[in-house]
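As written, the chains take the letters A, B and C, and residue 1 is the first residue of each chain.
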Amino acid sequence: MKAAAKAGMKKMKWNLVALAMLLGGATIASQAQVVVKHLQPNEKSPIANGVWAGDTLYLSGQLASPVTPADPAKGTEAVYGDTRTQALSALQKIQALLKEQGLDMKDVVKMSVFLAGDPAKGGKLDFPGLQASYTQFFGTADQPNKPARSAFQVAALAAPWALVEIEVIAVRSK
Amino acid sequence: MKAAAKAGMKKMKWNLVALAMLLGGATIASQAQVVVKHLQPNEKSPIANGVWAGDTLYLSGQLASPVTPADPAKGTEAVYGDTRTQALSALQKIQALLKEQGLDMKDVVKMSVFLAGDPAKGGKLDFPGLQASYTQFFGTADQPNKPARSAFQVAALAAPWALVEIEVIAVRSK
Amino acid sequence: MKAAAKAGMKKMKWNLVALAMLLGGATIASQAQVVVKHLQPNEKSPIANGVWAGDTLYLSGQLASPVTPADPAKGTEAVYGDTRTQALSALQKIQALLKEQGLDMKDVVKMSVFLAGDPAKGGKLDFPGLQASYTQFFGTADQPNKPARSAFQVAALAAPWALVEIEVIAVRSK
């Protein structure tokens, strides 16, 4: 074998070693470590809107926004509506948070629904009210994906007016 | 160096480049993307039985199946039993769902247990009843794995007869 | 091309194949399988302290430790304190569990807080009490990370004295 060929072989062997180290390293990194990113745009909020851990996005539980905000001039309080209305609002907030992150309702893999007893229903949970809004987003012709879900009535939510809190885990997928 | 040897070298270098692109691409894909699969065999159900996200399987909260189904001819309602009986049924349903996916109770990494107050216990949660069924599946000689778990009493579950709802996250592991 | 050069080429081709199998195999393994590790040092406990699934650590819900343990000689019961005191204790226990695993509060990506009604607050949840302890660990100058969180009042926790149970998911990150 000639010297030039030998030199070429030797160089290629080093390329192989370098390739093995590079790819081997990348593979080990993907097994052992994950990129975490906190979505906390509101400095005053004690919690994050959500946190990315690799391809998994954990969102904080969402309460409804008011249908009619409080009007201090008139002395009126905010109006939040019934379970159906509040569920719609919470789901719209979740959808907006997902879209900001390049995801949508189809990417929700797990949902937890915490319902407060509705005074207008004798203090019972309004399951049909939840379902009426939920089914606009999941299991439709346009969006057939349905999440794994648990739903139950809690003793109380963090805000006295709140009838629904919805928490989701979404995943960025192929 | 002869022409034939040079051509062989050149071809091999392209192999190296192709290999680097192929493996590099696969490695990046494993960092950035996950395969999601919705288990939703029942078209009428608004939720999935469970959802795979990579190697993580999120199951929906499971309620018990009736011990004795309703009998419209006799006018009798379904019988679901006490907390112990319902917990056993919910855990058996979880085990069946896991087995369909090639997993088993050993693969449960996280469990949430939502207990409704038992009228036969003065409206209190029946924690010993839960434990009696739970310990048949976890921490046994045959199946020593125990999940991380939270358990508490909720105000009410989705079905008026329900005393227990159990939700798990399971992981396909090496 | 000479025989020696041909033999060298052939050997290198096998190196390439071996490399491809090795790295390809490792890459596929990182996509399809995860290492799960159960942290269950207490044989008598029916649940794990936590479970690792890849880089995700699921901890069991933590209740407070007593401020003053029971004293059978004096016939006094354990004292656990109010929501603020119990939240501080539960968070300290979580921090200790995380540190044993090489993590800390900054690595918490998701938190669930289950509050029992405080008899001293007319049976209502003591949200300010929770926040007073929580904000010592999250969103501070030293530790700016804040988790995604849900918090609500349950009907009862597993122990009659318990006012707070806190559950977290933490992630080992780059």
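Note that in this section a residue touches a chain if its C-beta (ideal position, glycine included) is under 8 Å from a C-beta of that chain, and two chains touch if they have at least 3 such contacts.
These numbers were taken from a predicted model, which means no experiment stands behind them.
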Worksheet item: Between copies chain A and chain C, what's the superposition rotation on C-alpha atoms, in steps of 5 degrees?
Response: 120
Worksheet item: Taking shared residue numbers divided by all residue numbers at the interface, is the value for chain B and chain C over half (same) or under half (different)?
Response: different
Discussion item. For chain B versus chain C, what separation do you get between their C-alpha means, in angstrom?
Written reply: 19
Practice prompt. Two or more other chains in contact with one residue: find those residues in chain A.
Written response: 2, 5, 12, 16, 19, 23, 27, 29-30, 54, 154-155
Response to the item:
Within the complex, chain A is touched by chain C residues 2, 4-5, 8, 12, 15-16, 19, 22-23, 26-27, 29-30, 54-56, 107, 109-111, 117, 124-125, 127, 131, 134-135, 138-139, 145-155, 169, 171-174
Fill in: Contacting residues of chain A [partner chain C, same complex]
1-2, 5, 9, 12-13, 16, 19-20, 23-24, 27-36, 38, 40, 45-51, 53-54, 58-61, 112, 114, 154-158, 165, 167
